[in-house]
Structures are given as structure tokens and as C-alpha cells.
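Here subunit A shows up in two complexes: once beside subunit B, once beside subunit C.
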Partner chain A sequence: MKPEGKKRIWAEYQKEIPDDHFFYVRSCIRQTFFAGSEQYFLKILRDDLGKDVFEDPRHTTCTGIGYHGDVVPFETIQAVVARHFALATEAGYRHIAISCVTSFGIYSEILETWKHFPETLERTREDLYKATGRTFEVPETISHTSDIIYKFRDQIARKAKYNLVDINTGKPLKVVEHIGCHYSKMFPKYGVGGAEFPHVLVGMVEAWGGDIIDYPERRHCCGFGFRQYLVQANRGYSLFASRKKFESMEPYRPDMIIANCPGCTMFMDRWQYTIREIDGITYGADGQGIPVLTYEEVAGLILGYNPWELGLQYHNVQSLPLLRRMGIKADPSERFLAKDGSRLPEPANLING
Partner chain B sequence: MKTTSAHIVVAGGGVAGMEAAGTLAEMGYRVTMIEKDDEPGGHLLQWHALFPDRRPADEVRNYLRKHIEQRNLSIITGTTVEKIRHHGSGVLVSLSGGTEEKADAVIVATGFDLFDARRKEEYGYGIYDNVITSAELEGMFNRGRVAKADGSVPARIGLIHCVGSRDEKVNNNHCSKVCCVTAVKQAIEIRKMLPSCEVFCFYMDMRMYGPYYEELYRESQEFHNVNFIRGKVSEASVNINNRLVIKVEDTLAGRPLKMELDIMVLMVGMEMAGAGMKLAESSGMKRGINRFLETADHHYGNNLSGIKGIFYAGTCTAPMNITDTISHARAAVAETVRYLNSR
Partner chain C sequence: MSIAQSNKFGFTINRSRLIDYDSSDRKVREFITLKEPSFRLCFACGGCTATCTAGQHTSFNLRRMNTYIRRGEIEPLREEVKRCMLCGKCLLVCPRGVNTRNVVAAAADAIGKLERNEL
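So, the complex of A and B:
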């Protein structure tokens, strides 16, 4: 492997990521599946980095799931996204920070469509005005929230309480990065590092002390694809796609997976549970599962936040072995305590227990 | 009337330039050949053996070298032609370094560049140790040893056709014409050099258009056990043993295929040379949608630029093999002489 070859590609795919003043658009599913991620994105940006991030409670779903499920037409989703732009315009923001990779892909697709077919932009303006009376400015930039954490990765590293280093051996942790397909496979120029060798998560992991694993199925889809999971009969396909990735990464004994897409993070976590339940197989070292974390969760750990506040306990694959390697002291018995001290119900058969 | 005192500049010292310059000099014209590298010969300098008969490339190199050893032919190396403009009844040729040559006509023979394989990012050229180009494989043949980056002997080699050709993603819709037969030739050479090494060619179509090409293709299968799989490689990566893993759609079997390779050879195609593009830009020469120089007529004006006193020879107009390049250069000479005699 020649690192300079990757660096050359990374240099070619650098995008403008603003320094401040973001209009934040949330994901439909992230708050459910990774309860702390969006909250800690805001906390890290606002409290640790001193940035201005604005949220409008009138912001809605982008309808991406319906769009990819063929129940929402393209004209409709353009109008919905245009409404988000109108809210940003009204609030005086020109930089959109997008929490979901599906939404990010949709925003990219719409902006490219408007660029190449300007009549679609005019029609969208008309549709939005007729439906809501709103007008909008096309934003100056769109960033996925992983782009923003990437931009500030060195600042986060300078504030680090922990690193992606095994405190027992002093060696970097071995990390698998997984990029959501809709982040840059459709429009490589919108992704940091492009589509074939994305740098967005690699840059974070390396800045925080870890080593990245480049394994044969690195680029393979996790299987989340909407037609797989929306149609229950197709879910075996989704499961098989993730399994293919696990089998390919297994020989490298990864300490963790970091992902930037809600669907990927969820499925690569949940399918490990499913595979163990069906076949009794796990893919990590010593019969353990491989924890799958969002980039905000990893950034939160680096900055020293409580893993249970970050919500790591709500993954099927628990992060206890990872926390031990990083030297993070966290009491497993406190995982399912509510704020008032009462005990929440505990999920059964968690991996890494 | 034949004007043997006329001076002709040939821009480019590859196969087309050498053939054109040598032929004009033979006919008694005063010729100046401008070559950007330190030595004339172009891409042929790197080649070990030529298709379809696998004759040593030296034989053709020696023919061309001898062809340009003439008193009325001067060669300027390490120099590019920057601009051609009309001057009186002739042309003024500006060279890098600031000098100029007055001439009665110019033959542009700026040739091609090999496609930069790094642009096909999915193949990992420049990243993975054992991904090489067809030109680099030719270098291994020249050194008499085909080996992996760590020096070990490969057990399986894959040759990937159409890298940078017939590919909208890299803005090259054209076929480079010579890569299919080059792959067949190189596959046979590998099999002869390393009889225990498996060789696979991954192709879209086998375009064996030239004389004896089809025979070579048959020979590769009948006598050398070269395997041909119709399908493009979608991506390459490496496994924990640093062995290449490729994904291919086998379109004849109708199923995806995953295979480990020790060396992956990218059959890089031809693109209009960068120096030729700059010259075209500065001198008002038109280029086609494939970015090669556009000739005045595809059928009967294939050496004509449409600009008085400027003629085209060889692969600056389109991909072609050495045989066709030499024929095209001779035709450019004929057009140039006709022009000079008609002035």
C-alpha cells in the first residue's frame, strides 16, 4: 500500500466546509437508534468548539425514505427541501448542516439537478410559493455533519481526554470506517476524499490516534438500501450484504467500526445480533462483536463524555471491551439508569454484554 | 514544380514524426524535427516486442533511427513546438526556449499520451503495490523478469482491457484500438516467461481488427491457455495478505465474480497528447469531440488540417497502431509535397 497515492486522491476531493453558522437539519431515525449522537453533535459544536448552530422546530423530514421507496415524487421532495432552504433563508443562514446521509444525498441530487436543469429550480420556487407562500435562496454550502466533525478533528484532538489507542499495548486501535453510499458514491465531489477512498472518517480516526483497516469489502454497501429493508421479504439480502462485510473485515480483528450513515450504523450493529442469534457467529476478537459507533459518539468519547450519556448502551453490540482498551472507566451497572435514578428495562442478549 | 529547397518542420519525434521526417529528407527536402524528449522514438522506446508477430521492438526502432540519419535532416530534442503562425508565404514555428524556425510547411506529429490510470480510482493504481500499467509490464519484459513489488513470482495475473477507453466516466468514448491485441500479446509473453502463472484477460469486446490479430487471439487460447472473461472490473482492493481482490461481472456466465490476483495490469488507452493540445490551442487547430486533432475530412482529407501549410501525421488525429501510423505519416508527406508543388 502506498499512502501517498491515497493522499493524492484526498487532495483532489476537498470541499468547502464552513467554519461557523450552520442551519442544522436532523435525521428521522438517528434520535431513535443512537439517542445521543445528534445531541452531542450540537453540544460539541456549541460548547466545545464555540460554534453557532441554529435549529428550526418547523423543519421536517426530507421524505427521503418515501422518495427512495417510490411513494414520494421528485417534484415533491424538491419542494420539501426548498422549504428547509426557506426556513434557513428566513433565519439568515446560508450553510446547511445535514445529519443524515440519505438526506445529504438528496440535497446533493437536488442541487445538481437545479444546476444542470435550471427550469426545475424555477418550477420548485413556484411550487413552494403556491403551497406555502415562502421563497428561498439556494444555500452557499451543504455539509454532512461528518464533514463538520472532520473539519474540526484536530481541534477535538487537542482537547482529547482519551485517544484511539490501546492503553495496554500502546498501539493504535484498529478501526474499520464505513461510509454511507449516498454520501459520495452518487456525487464524489460532495464528499471529502471522493467516492473510492473517502477521507472523511479516515481523517478523524487518524487525528485521534487510530489506525484504519483497508479490507476487500470496504466499499460494499451495508445492505440498508431502502428496497431491502422496506420490503420485508428482501431483508435477507440486507443481512447478507452486512455479513459479507463482517467476514471480509474479520481477519483484521478490528476494535471498532465507525460509520457516518444512520442506516449503516444501525444495520451493521443489529445484524451482528441477528447473525449471532441465528448462527452463533461473532466477528470481533475473542468471540466478541465489533462495536459500531457514530462519529459523534467517537468524538464524544475522545472528549471524555460519559459513554452512557452518549447512548452507547443502546447499541446491540456493547462497547465495554473498546472502553477498556481506551482506558475509559464506565460502570456497566449504570448503563440503564434513568436520569431520576430509576432502572430502565434492559435489552436481552446484548453482545459484549 | 518540385521545390526541394523548401524547409519543413516536423513537430514530434515519435513513430509518425520519424517516418515523415525521414521520408521528406529522402526526397531531398530540408527537414527539422522537433522532439520534446531527449531522444526520438516516442512510446516505442518503452516497448519490448510488437504485435501481432511479437517481433522485437528494436527492429522497428532501428529502421526509424536509420531513416532519420540524413544530412538534410536536423533534430532538435528536449524542445516542444509552442505555436505555429503564418509568415509571408510560409509559417513561423515558435519553440520552447524562445527560438523560432521559419518553414514552408509543418507536419504535426505530436502523438498521444497514455491514459493516466490514477483517474480510474476504483482500480487503485498508485495505491496498491501490484497494480501496474501495460507500459510498465513492457518494462518488466525488457528487464527479463515479471515480478511482484516484493520481488516474488506471481501465480496469477489479470489484464484489464479498456482502461481509459470507451469510458464515459473519464470522458473518453473512443476505442484506443491497440489495447486488445496488446493484451493478447502480453498474455502470451507472460505465459511463455512464467508457464505456471495463470493469466486472465477481462474484456468488453475483443476488437481484433488487424491482419493476424484474430490468429494471435486464437493462438493465445489454443496454445497458451490464456483465459478470457467478458466483463469489466468494477473495483480492486487488497486482502490481509496484500493480494489483490477484484470484482467483475462475468457477462457470459451472467454472474458476479470475485478473484484474487498477484498482479493486475491496466491496459491503458490513448489520449490526445498534452503538448499537442497546447499547440492546437495556440495555433487555432480544431479538435474533435474525442479531443484528438480534427482533420479536414475523415475519408479523403485525413492528413489535412484545413489550415494552409499545416498537415497531420499519426496518432495526434486518432489512436492507431504502428503500421497505420507509418502509412499515415507517408500520406502526410504526400499531402505536404502536393501542397509545396502547388504553391
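So, the complex of A and C:
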């Protein structure tokens, strides 16, 4: 195929990711379960890459969980998101960096609704003005924070202190990448590589020296699904979907899973404990579990940050064997030590803890 | 899974609804087809089920049984086959002339042989 033809075919799978000046919107779940990830996203962007990222303390939840749980109407969530845009407009930012895949899906859905039904945009402007007296500009771009790390993956690789390579064998680590459904399955044009060829995590892993595992259920949902976990009796569906993925990836002996969605990271991590309790199966080499990390945690490890400051100890599946394979020296006795020397609360039922 | 474990979480792991044809057990289907070759002619119209007396009083469904046999789902077939009274009304309505009563008898035979490890 001629290069220009190939370029044209792949053009619709590309995404414009801005280079600087981001308005950062946080994730409810990630702040709670993987707080180190958000902190280190800011640190890597500001300190390692010298970028301008602005945070407004008045930013709130996007109410996405309530929206998908049928308790928040679409008009309400449009007004909430419009308020976030108003905060960005007031601060002079036109590029939104979104930490959560659920929020990213919500923002995409709302922007597309406004584009195709302009009257809804006018209605939202009116609602927001009546409720808060604010006005807003529709942002120029929205990027998921994994898009931004993806854009700067080569710069991060150039500063790398470690690689995704097993120091004992010299071979690349085998990595499972998992993309959140709401990242690009709903609105493919907002994701790098669209819904068919999402390249956002593959690009990072390959740039940092790892090998990607292509397994049969690679694009299957993790099972998070809001209606599935909100109703306790339905959680069996969620658990089943995760188990289906684990059983599909298990023969390829993955060293780790990297995910870009807060729900996927949490559920694929926590369900490994639940499956162990119910079925007595622990996945991964020698029954050590498969660590599930966020892309910021992996970027932080590559850049040589302390794994315990990145928050790896607060995952259900502990990462010590993985760290040893990568050649990262981390003292397990310091896992739950705070900076002032006091003991942090230690989670129960850790796998490989 | 024990009840105690179920109570611990309040839910369990749901069973798959996926039918994997690669791993399905074809033994019963092959046995029935050998004993009653007209089984191949069935096109699942459901006439047998509509006229079935047992089906009026129980959950017996000959068309569903047919599907179980073709999919190799032995466990549900084991229960289903016990419900037929072998009255033969289904034989009279079958537009393809399948000897449905013999299919059920052959299925019951196959299940018995499976249990005795003779299949």
C-alpha cells in the first residue's frame, strides 16, 4: 500500500492531543482507591515534563455514577459538566484533561449531544446561568489523562531509570493492556486508535520496553458496569466478566495488567481476591496474582519514583515480585510507613502480601 | 460454592450462558442420529411442543430438548427426557415425519448408557 493511502485510512483513528495548558478534572474513584496515580500524573507533567496543569478546588464530581445508575437526569449532568467548563473558561483554559474514563465518556456524550442537537446546548447555558450565574465556552479539546501520558511516552522513555524488562532474563515483560469501555467504545473518535485499534496503552508499554499480550478476550469489558455493581445481587455478572478475562489471559502468563479506567483497575484488582475466596483460584505465576496498575503508576516506576509513594501497596494484588523482576529495590517493611514514621492502615486480605 | 461463602459476599460468580460448540459433547447426538436417522430432518418448527400433553402440565418442551441434544448440553437433557410420557401425539403432527417418540426413547437410552459409561 502507498504510504499516503495508509495515512489517509488511519487518519480517522488519530486524535489531536494538546501539548500544554491543561485544565485538570479529577476522578471520584481514583482519588479514593489509587490516590497516588492522580498525584503523580500532576508531578510527572509539572516536574518531569514542565507542563502547565491547572486545578480548581471548586471542581466537583461529574455525577456519572448517578447518571448511569438512573438517579441523575441527563439535563442535570449537562449542567454539572457545563459548570466545569465554566470554571475552565474563567481560568482561561481550553483543553480539558480528564482523569476518569467514566467522566471522559460523559464529556464525550455531552459534547456530541450539543453538536447534533444545538438546542440542548442553549438549554444548558440557560440552566447553568439561572442556577449559578456562570457562562462558559465549549472547550477546544478533551483528552483523557492516558492520552496525555501517551503523547509524552517517548519523553518519559528518554528519562527512564527502569524499563518493562525482566532483568533476570533480559526479556520484555508480558503486559495485558485493558482499555475502559467508555474511553472509545461509545465515541470512537475521542480515543487514540478508536474503538477497533485503541493504541493508547499499547504505545506506552511498547515505548517503555514491554511486550503486549494479544489474548482472545482482550477487548471484553472488565464487568464493572454500573448497574452490575450498584445492585449487590447483580455483582455475579461483574465477577463473571472479570473471570472470563483472567481465564483467557492466564495461558499467556502475564506479568502485569495496565488499565486506563479507574473502575477496571479497581475491579480487576479486587475481584482476584473475591475469586480466590469463592473458587479458590489465584491467577498469575505461582499463584501470586496478576498486579493491576494504572498507567501513571507504571510511568512513575519507569521514572524511578518510590513504589510506596506511588501507592502500589494499596492494591489488593501486591507488586513485589514484579518490582524484583524489573530490578526496582523496594523495602517491603516500608510499605505502610507514613512520611512522619507513623504506620498507615494496612489493608486486609492482600494477595501476595 | 457453600452457603457460608455465598453469604460472605451476598453474591456468587454467575454461570456462563455461552455455548462452546468446540467443547460440546457430541456423543448423545451421534447415538440418537444412529438409532433414529429421521432426527436429522427436524427443522425445529415446534409443532411437537404445541401438541404435547406432557408439555401442557409440566415444563417439558420437545423442541428445547432437540436444542439441548444438538448443543451437547447433557445436564438439562437428563431432566427433560424424564418428563415425556411417550404418548406419540407429536409423531402425528410432525411435518417432516420425524419419529419424535423414538428420538425421546433414544435420548433416554443414551443418558442411561452415559451413566453406565457405555457411550
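Going forward, the second predicted complex is superposed on the first by the 340 of 353 C-alpha atoms of A that agree within 3 Å, B and C clash if a C-alpha of one lies under 4 Å from a C-alpha of the other, contacts with A are read in each partner's own complex, and residues count from 1 in each chain.
Please note the rule applied: a residue touches a chain if its C-beta (ideal position, glycine included) is under 8 Å from a C-beta of that chain, and two chains touch if they have at least 3 such contacts.
The shown structure was predicted, so the numbers you read here are calculated from the model rather than taken from an experiment.
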Checklist entry - Is subunit A touched at more residues by subunit B or by subunit C? => result B
Next on the checklist: Is A:52 touching anything from subunit B or subunit C once the two structures are fitted on A? First, second, both or neither.
Outcome noted: neither
Next on the checklist: Output check: A:215 vs subunit B and subunit C. Expected answer is one of first, second, both, neither. What do you get?
Outcome noted: first
Next on the checklist: If we overlay the two complexes on their shared chain A, which of subunit B and subunit C does A:194 touch? Say first, second, both or neither.
Outcome noted: first
Next on the checklist: Between subunit B and subunit C, whom does A:279 touch in the aligned arrangement: first, second, both, or neither?
Outcome noted: second
Next on the checklist: In the overlaid three-chain picture, which partner chain does A:8 touch, first (subunit B) or second (subunit C), both, or neither?
Outcome noted: first
Item to check | Partner chain in contact with A:252 - subunit B first, subunit C second, else both or neither | outcome: first
Checklist entry - Where on subunit A do the contacts with subunit B and the contacts with subunit C coincide? => result none
Next on the checklist: Help me check something: in the complex, which residues belonging to subunit C touch subunit A?
Outcome noted: 1, 5, 8-16
Checklist outcome for this item: In their shared complex, subunit C is touched by residues of subunit A numbered 232-237, 239-240, 243-244, 274-275, 277-279
Item to check | Residue numbers on subunit B that touch subunit A, as the complex places them | outcome: 118, 121-122, 124-129, 235, 237-240, 242, 245
Item to check | subunit B-facing residues of subunit A, complex | outcome: 1-2, 4-6, 8-9, 194-197, 214-219, 251-252
